[in-house]
Every structure is written in C-alpha cells, then in structure tokens.
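These notes open a run of structures that come right after.
In the two complexes that follow, chain A is the common piece, with chain B as its partner first and chain C second.
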Partner chain A sequence: MPLAIYIGRRLVFLVVALFGVSLITFVVTRVLPGNPAYLIVGVQADESTVEAVIERLGLDEPIINQYGHYMRQLFSGDLGDSWRTKNPVTTDIADRWPATIELATAAAILSICWSVPFGIVSALRRRSLSDRLANVASGLGVSIPEFWLGIILILVFFFHLDFAPAPIGRSLGTVPPEVTGLYTLDSVIAGDWGALRSSLAQLALPAITLAITTGGPLLRVTRGFMRETMASHHIRSARALGVPERSIVLRHALPNVLLPVSTMVALMYGYLLGGTVLVEFVFAWPGIGKYAIDSIAASDYAPVLAAVLLSACSYILVYLVMDILHFIIDPRTRT
Partner chain B sequence: MSVVSPRASGSTAPEGIGRVVAAARARPVRVLVAVAMMAVLLVALVWDPEWRELRVVLTVLAILIAPAVWDAQRREVRPAVAVMLALILLALIGPLFTRDPLMLNVGEALGAPGGDLWFGTDQHGRDIFARVIHGAQLDLGVGFSAAALAVVVGMPLGALSVFAAAHIKGGGLFDSVLLRISESFQAFPTLLLALGIVAAVGPSIPILIFIISIVNVPVYLRLTRSAVAPIVNADFVLAARCAGQPVLRILLRHILPNVKQVVLAQFSVNVAWAIQILAALSFVGLGVPVPTPEWGAMVRDGYEQLVYGRWWVALFPGLAILFAVLTLNQLSDRVRHTT
Partner chain C sequence: MSAADGNGMTVPHAVDPAAPDGGEIPVLDVSDLTVGFGSADKRRSIPLQGIRLQVAAGERMALVGESGSGKSLTAAAVLGLLPEGAEVIRGSIRLDGEELIDAPERRLRELRGGRMAIMFQNPRASLNPVLTVGGQIAEVIRVHGDAGRRESWTQAVDLLAEMGIPDAGRRAKDYVHQYSGGMAQRAALAMALSCRPDLLIADEPTTGLDATLQQQVLELVVEQVASRDASLLLITHDIAVARAHCERTTVMYAGRVMEVGPTDAVVESPKNPYTSALLKAFVTVDQRRMYAISGVVPTLVGELGECAFADRCPLAGPECREDVPALRPVDDRLVACVKA
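This part shows the complex of A and B:
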C-alpha cells in the first residue's frame, strides 16, 4: 500500500475518533443531570447571565440541535470563557500548554533513559541481580501513587537534603524571552545559562516523579519483548553460526525490540500529555492540569472540559504520528 | 489455555426444580458458598443502613477468594491471595480495635508518631493509624465495587460484539460502532475524564463507583473481545448453535468460561487502578466528603502540612495505597503466569 493511501485511511480514522471524543464530552456535559448553564457560569451567577448562556448554547432546543450547535462552536475554536480568569479558554490554554509539554517531554526522555536500557539488560539473564532489581523497580513504578511520590521527593530533597529548589512552578529567577514557550529551550536560544540552570532545577523533581511512575510499565514491556526476541529462532540461528553475543544483542535482537517499544513510548507520551495533572498540582507547575484542577475548585467548568478535550485530541494525534512512522520504518506493515 | 465446553451436547439435564437439586448435588461446596454469601448480604443490609454496603462487598470478596489460599493446585497464587485476604480482613475487623477515626482532639494536633499514636495525628488531632485502617474499608470497597461493575458490563458486551460480528446478520456494524466508541473513550486520560465527569455531576460514593467503572468498561470490552475472537468460530460454539441454543446461553455457558482467566488477571489490576483513581480524585478534593477517612484525602491533608516539614501526615496513608496496589498487581501477575 502506498504511503499516501495509508495516511489517508488513518486520517479517516482520526476524524472518526475525534468525532467520538466530541460526542463523549457532549454527553458528559449535556445529558448527565444538572444544568450545564450553571456549570459554565458558576453557581453564584445571576438569572440574566444564566439565561444568556442558555440562549448561547441553545439549551432550550432539542438535543440533536444542541449537538449541532456544540459542533459548530468546536469548529470555530470557541471553547467558552473562564469566568475565573476572565479570558477565553483558548487563550488560557495557549499560555499553559507549553508548560505541560515541557514537563511531559522531560519526563518521557528521563523515563526512556532509565527503563529501556534496564529492561534490555535485565532480560538477558533470568534470575540475575539485574532481573530481580527490574522486578522490584517495575512493581514499585506501577504501584506508587504519583502525587504521593512527588510529596515524598519534596520532603526528602527540598526539606531534608536542601538539594532541590522550592516546588513553586517553573522558574525562580527571570523568565527567558519567549520563543517556543519551553523555558529550557528558550534560555538556550537566548544564551542565558543562569535561566537554563534555574528552569532545569525546577523541572527536575516533577520530571523525575513522572519518570519513575511511567518508567515502570515501559521497563516491564521492554523486558518482555527482549526475552521473547532472545528466545526466537533467528537468535538461535545466529548463536549456532557463532555470531558473538555482543553482536547478537545489538544487531539482531535490538532492532526487533525497539519497534514495539517505540509504540509503548508513543502511548506513554500521549498519556503524559494529559496525565501530568496530579504532579502539576503537587509542584504548582502552571500547566493544563493545574489549570483544570484550579478551575474545578472554583466551579469553573469550561476550562475543565477544554483540558479533557485537548488531552484526548493530543493522544489521538500522537498515536497517528506513531502509526505513520511505523508504516515508514517497518516493511511488514505494508502488506 | 484449554478450550473446552462442558455442556456442548445440548440440554439433557432435568428441568425446573429438579435441575437446581441436581446442580446442588454435583457441587455442594459452591452451593454452600452461595448460601453463605446471601446470608451475609442479608444480615449486613438489615444491620447497617449507611454506606456500609462496602463492608458487604468486602465480605463477599473474602469468601470468594479464601478457597484459593488452601488450593494446593494454585501454589503460585497462594501467597498473593493470602496477603490480599489479610488486607481485606484487616479492613473488615481492624476498625473494631482502633480509636475513633473522626474524633477531634485539638490538644494532640500534629503529634509526631510515638507512644500510643503509632502513626501520629493530623491537624485536627485525629489518630492517623485509626484513619488508615478505616480508610482501607472505603478504598478497597470502592475499588472492588467499581472494578466488578466494569467487568459485569464490559465482559458480556465484548463477547457479544465479537459473537454478533461472526454469527448474527448486521452484527458487524454493532461490533465496529462499539469498538469505535471504546477507542474514543480510551483516548481520554482516565483520571482527567473521571475528573471532568465528577466535576459535572458532583461527588458521592455511589457516583464515584459508577464513574470509575465507566472509565474502565472499555478495557474489559476490548480485552474480552480479543480473547473471544479466536474461539468464536470453534467447533463447540458451532455445535451449540446447531443445537439451537439461545445466544445468551452460548455466551454465558460456552464462550465466557474460556476467557475468565484472562479477565481475572485484569480484574485484579483494575481494582488497583480504581483505588488509584479514587485516591487521586480525593487528593484533588473531588472524592469522598471531608471527614471520611480515605487514603487519598489523607495524603492531601499531609500535602498541606508539607510546608512545615511534617512528614508523617502524608507518609502513612500513601504507604497504605502503595501496599494495597502492589498486592493487587502482584496477584494479577501470578494469576497471569499460571495460565
């Protein structure tokens, strides 16, 4: 199948998935009990404001018309206004999105760095020390509640060891001039090494927290695939032909393992883009997750919905990109 | 996994009340367990009008999993089940022996662990040890209930959708629509979706159970679907179809028993997830109402004491979550490896 047709087909799937996502958020807000007008303007709003919202959303119309209304709004990029910040939600989200991306990316990189090599090494010899350690690490990584881990890390590294900076957001010093919105990248571009050190220090603890919890599953999957590959026929043949062990692992096994692992990495990254909520909250990291939680606390619903929608869409997009990359890399998918 | 269907020969069993008697004769232990469960349920419901139904859930669960501890054939699973059983019993009986978890005592507020107060006290002087033990009932109870609800909905739906695609006209459409819906559900980060729904509906224990199970249904649906797909055209299914058995009976009797091991392993993981989601929701203030002892809410109390460096308030409830979730995950691993 040529690449263009494949991409076209995946795009159709993408549209279907996005449609499903929008349908679910619609059902959550409109069909569940409770007046959505109050969710949007808050409980303290006066009659006329509520009426205006009912008018704007068309809440007095039949449910089908309401859905049409809602879709039109989504297409025009209108996600409503936040009455807590007095801004359109899209503006607020655009301000906070880079913070979440920076944290998710840093966490994903750290997570890959420790778990993938560890998984590969531990798979080589069963019941070895590294195998046992990997068992413990992946078991803990899967089970630790990340918000609690964040708190414990703050207690240890900030209070007792005085090693990390105070967990209050992205930067303690001056903020670098904005280019990408990612403080670390921006300070490299501006050549401001002080700002770079400060933003990296702020990033360290939350990123480590997420790297520990997301690395657990990745470690387990990597080890599983590696074991499977090492037990397969082509590795046995290579051994029989006297290929050195080093070369077996690096040239014959590794490429086979990295492909499914890359799928997991993409899934993990997609998850992280919406899954940093609790860690952002604990470290006062001004991203989408903290925005959503702060809005919930103020009964401000439009931002919550927008955050949910955004994270679902980004997950779908990450998945799409990965599928297309696989199609390009792996000849077996082209049949 | 062996693919067997014990009753593919059609219905030769006696009808009506005779059938029940025959079944009772064939499996006396199961009947005993069923009767015991019903009795416990009845007693507990009459005895406790409040949200103590969770206690019932835990009792039922303890009765269900207890035989596995003594089952010599499941040597691999036994230790994990034993720890789980101990945890459930602790949640059931432990609260009788602790202090009152709601008792305020400002004089003893924020006392460090030591003496009678093993885990110290929180900002209202409540005994953290008592609250951790009482919290076990709520966290485990909600976790199991939510996961059970998700299984009960997701598993038959998954099996039905594959079955319909293979055997019933027009079933392919049903299957693909269901699959697309569950895919869309899974695009949402679980916690954020649960947050969104709770924020819209408002938190209470039944609603929390309901929402946590909703976000878990697609998992079972797809799992069961993939497990059933290879056997949906197996000979015993076709035989049952030829014998003219109704769809529901084929699903329940011939297909689902073959996938139960896979689902069981997932169930344990899912209880762990449910506990994590509940704790996370409570942590951000969208879970159980305030004074209720719940692990996530207690970690939140500890988070507020963080600026003063009071470590014990957050440490112990968090360890409780970790321990419960770790046990459940281990159990799932063992179950999966024995298949």
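This part shows the complex of A and C:
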C-alpha cells in the first residue's frame, strides 16, 4: 500500500519539522531582550520579588533545561500559560483560531474564485484585453501591501460610503451559539439569519483584502501553467485531430493546470491559516495573528511559541492533505 | 496528362511526369505555398517559399530534408495549424480538391482528424497525461461521427487491438505514462486512423524509438494506411526510411522543393545537386570522415531571388543567381535546378 507508506513518511517528517521549528523559536524568544518577570510583577516591584518570579518560572535555569521542560509539557498537550491573559495558551488559541480559520477560508475561496478563472481565460489569448487586465491585476495583487489595502478599503467602504460596518472584529450583533466557532457557519446551523448577515458583513473587508493580495500570485501562476499546457505537444495533437476548442480547454488542458495550481492553493491556505498578522491587526480581528503580535509586544513567550508551532503545523498539514489528494487524483502518481 | 506538360511552364502547377494516376485529383495538392512570420516588410522571415507537394490517392510520399528545411511547417500549414505569428502569404492547399486556405475554422476542424490526420514524433508527449489512452481515442471518434460513449469506447479498444496492443480492453484504461514509447506510438496511430482519414501525415514518427522498434512501427503505419486505402505523407530526415517505405519522395531545402520523383530514382540518380549532396552526407557514414555540405543554409529573411543552394553548390554558375529555379519535368521527375 504505497499511499500508507507515503503518509507515514510524511507524518514522520511533520514531527521532525515541528521539532526544528520549536527549537528555533524557543531559542529566539529566550535570547531576545525583555524580561517577562517585570510584566508579571510590574516595574515597581522590588528586586527580591522579581528574583522569586524568575526562579518560579525557571528562567534562571540553562536554556537547554528550559527547552526540555517545555517539550515535556508539550507532549502532555500543555502549551504553557500566557502571562498577559492569565489563561492557558490552549484555551486562548481555542478561542482565537476559529476566527483565523473563518477569515482564511473566506479569503481563500474568494481568492480562488477570481484568480483561477481569470488566469485560465487570460492565458488563452496572448495580448488580448483579458491578458492585459490580468497583467495589471496580478501586478497590483503582488505589489500592494495588505495592511495598506485594508486601510484603503476601510477608508472607502466604511468611512466614506458607509457601506461596510466598522472594522472592529468579528460581530457587532449577537454571537450565535458556538458549534464550530465559525460565526457564519454557526449562524446557519442556528438558523439565525441576522447573525449570519452581521458576521458576513464583518468578514467581507478583511477577506477581500486578503483575496486581492493572495489572488495576485495565484493568477500569475495559473496563467503561466495554462500557457505552458496550451503550448504542449498533447494539446497540439488533440487540435490536429479536430478536438473542438471547448474540449481542448476544459477537458484536455484544465486538469493539467489544476494539479499544480492546487499545490499553490494549499501553500496559500496554509499561510493564511497561520494567522495573517497585519490584516488581523488592521481589522481588529481576534485571530491567531493578532494574538501573536500582542504577545510579542508583551514578551509573552508561551503564546508566541504556540502561534509559531500552530502556523507551521497547519502549513505542513494542509500541504500533506493536498499531496494525498494528488496521490488519489493524478494518474501519474499511481501505477 | 494535362496541357501543362507541353508548354514547359511549370510554376506553380508543375505536373509531375511520374505521378501515379496523373489524371485524377490528388488527395493532397499544395502549390506555391508561401508562409511568412511577422509583419509584411522586407525583414519578414519567409520559411516556406513556393512549396509544391502532391500526394495521389493511395500513394506513399516521403518529404525529406534537413532540420529547419520547412517539412513540419508544411504539415502545420496543411492542417491549418500554423504557429502564432505565421501566415500564408500565397498559394493553395487542396484536400480532395477542396481549397483549405481561408476555409472556415469549423470546416478545418471537421477535416482535421476526419479526412486528414497526423501523428507526431515523441508519442508519449503527444498523448494527454491525465486522460486515459482509450478515452482520448474515443473522443476523436465522437467528435467526427455520431457514435455514443459506449460505442466509441468499443471502437477505440478495437483500434488499439488492431494496432497490435495486447490486452487492449485493459490497456485502453491506462494512461500514457504506463505505455512504452513503441506502444504509445501505436496508440497515436490508432487515434490518427480512428476516423479513416484519406491522408495520414506522419511527422518523424519514429524519432526517439530504437532501431528495431522504428522498423516495426513504420511497417505498421504502412500496412494500416494501405488497408484503409489512405495516402501517407511521411516526413523524415532519413533517406533510408523514405526509401524503405515510400514510393515517391519530395526533397526540401531552405523552404523550397528541390526535387520530386520516385524514391529509388531520386536516391540512385539524383538530378538536383542539393539532393546529391544530401545523399552523400548519408552514404558515407562508414567512411573515415562524414561528408558535410560546405557553407550554411541561407537565412530566410525576405524571398530569395536566386537558387537557395547557389552559395553551397559545386555546380553553381551565374545563371543560378538570375532567378528562383522553377520546378520543371526532367525525365521521370521534377527538378528545381537550371543545370539539371
């Protein structure tokens, strides 16, 4: 069973990769200046109180011992406590990750919807109007900073047009009863259409911001693969035997393009799931990215480490899922 | 024979003295085909300059020439699939008497795969990697007829079996990466012949296959074409291949036709100095030094007003540079050389 061996090997790789990521992040957070003991006791506290806290947290121990201690905790499912929020990090993440998942998923769907079809169509005719438009769109998508775009969208659609709600998080109205943690999905499950509308309205601007910036590269890649495929020998052969253009594009070319494009989509989604720091910050979106940046500012080690591990983990897992899908879909990986 | 025989004027409708069934309409009749790349100015590159090519019904014609002489471009023009930027400047391409230049794309699509078909070199790249081999053949059958899915699939499997693919029912469900090069070429042949075309163009069909396979595949092509009463246009740079499989040969050089005639006669007593030079380059393999034609192929910018081979020809004289030598009947063939 080659698939089982393949998945097994990839899971081993996952563990090794996470080990490496944790080590690097742990060392980097510890050697950075800033002492969390002051955060806990306050800057007014006397020397002995600070010393006591440092000893309690084990910060006076050699870094290798601290890491060993952290890893032992990690294997029992404990990511440590946040000094800033006073909660276990697992609780904080469980609260915030759904927000990131919701935003990432909405952004990924929007991004795919505009960039992939656009990439396909623009590749069909060189120097056509759609080709030129695609050039502009992908150029803008690649070069516009997402935080700037977010601010501009807020300025236009909230401030001037009053079309979008205030950029202050996930929901202005009532929050639907929690099932999945995704407000949109939970609203549908609860049948609460008012909450659905409200959560969609909150989601719209940050999701559009990310869809534009992630769609640029995706458009470029899709167009590149489509051009390459349309110039390939098998497309020439199919044309030379009278296969109509519609079938050339949809049946002969598209599957060859979607395989590599889906890999790009996986990369993009993995990246989004790790929390988009800047966009979450601009829209006050209470997700992992904002959690990480707030924690960094407060020298709060445990959440920073957890956020990085989570980001790496989701990246690798999404990639693994896509690889397995390819294994099933692509005939060339079978035999 | 037609009136053109008598008056000696041979361009653009030179009548080949040895063409079989001289009175009938040829399956493929290309005359004065001139193809250019880029915008119409003096720097325009013109890789095909007045090509004349006839393939009679049931005939096997070889199109021989060096790389870059315009063989494949001629095939692309016949199929109406010139690369982007290329266009037919003048000339005529007739398939069973029907003019293809300026024919609507719809009609060309019916003819492609229906009445004329092509198989390319590198068969594994010419089949789609993510569609089953049988599915691709079945689609061509459906496009050109009114067979349904099941019927076209059965026909595809039958064709694969006919081309000598063992266990065709199972192999039809395979993908091209599961096929060897020889099998892939058999599948490509099955696909090309699936709608019983009148003309099969085989563009270097065995390049990349090993020698024994080359022989097998070419024999299969010839046999299958013959059993369908179709004509074959075999594009090759290998005169030995042409001689083994084709009755007649058209020799191309630098986008022009140099000589047309029965293959044996062309090989044994070439009348165009270029053909002689090309043959010498082939027959001296076992000698100590390979024969190489001195000089370089002319760049095809603009239309040359002289013989394209004049710069490299041992017999060239001032008369060779006065005008483009017309293809004219000499004994049993057509030769484009004023010295012949």
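One rule holds for everything that comes next: the second predicted complex is superposed on the first by the 291 of 335 C-alpha atoms of A that agree within 3 Å, B and C clash if a C-alpha of one lies under 4 Å from a C-alpha of the other, contacts with A are read in each partner's own complex, and residues count from 1 in each chain.
Quick note on the criterion: a residue touches a chain if its C-beta (ideal position, glycine included) is under 8 Å from a C-beta of that chain, and two chains touch if they have at least 3 such contacts.
Keep in mind that this is a model prediction, so the values were computed, not measured.
Once the two complexes are overlaid through chain A, chain B and chain C fit side by side, free of any clash as defined at the top of the document. Of the two partner chains, chain B is the only one touched by A:143; chain C is not.
Of the two partner chains placed around the shared chain by superposition, neither chain B nor chain C is touched by A:327. Of the two partner chains, neither chain B nor chain C is touched by A:114. Once chain A of one complex is fitted onto chain A of the other, the partner contacts of A:154 are limited to chain B, with no touch recorded for chain C. Applying the stated contact rule after C-alpha superposition, one finds that A:6 touches neither chain B nor chain C. Once chain A of one complex is fitted onto chain A of the other, the partner contacts of A:244 are limited to chain C, with no touch recorded for chain B. Using the contact criterion defined above for the overlaid structures, shared-chain residue A:256 touches chain C, although it does not reach chain B. Touching more residues of chain A than its counterpart among chain B and chain C is B.
Of the two partner chains placed by superposition, A:26 touches none, neither chain B nor chain C.
Superposed on chain A, the gap between chain B and chain C at their nearest CA atoms measures out to 19 angstrom in whole units. Judged by the document's definition of touching, no chain A residue lies at the interface with chain B and also at the interface with chain C.
Every residue of chain A that touches chain C in the complex is listed here, in rising order: 126, 232-234, 236-244, 247, 251-252, 255-256, 259, 330-332, 335.
Every residue of chain B that touches chain A in the complex is listed here, in rising order: 180-181, 183-185, 187-189, 191-193, 195-197, 199-202, 272, 276, 279-280, 283-286, 296, 299, 302-303, 306, 309, 311, 314-315, 318, 321-322, 325-326, 329-330.
Within the complex formed with chain B, the residues of chain A that make contact are 16-17, 19-21, 23-25, 28-29, 32-34, 36, 39, 139-140, 142-145, 147-148, 151-152, 154-155, 159-160, 271, 274-275, 277-278, 281-282, 289, 292-293, 296-297, 301, 304-305, 307-308, 311-313, 315-316, 319. Put simply, chain C touches chain A in their complex at residues 79, 81, 84, 109-114, 117-118, 120, 122, 125-132, 136, 139-140, 143-144, 175, 177-178, 188, 191-192.
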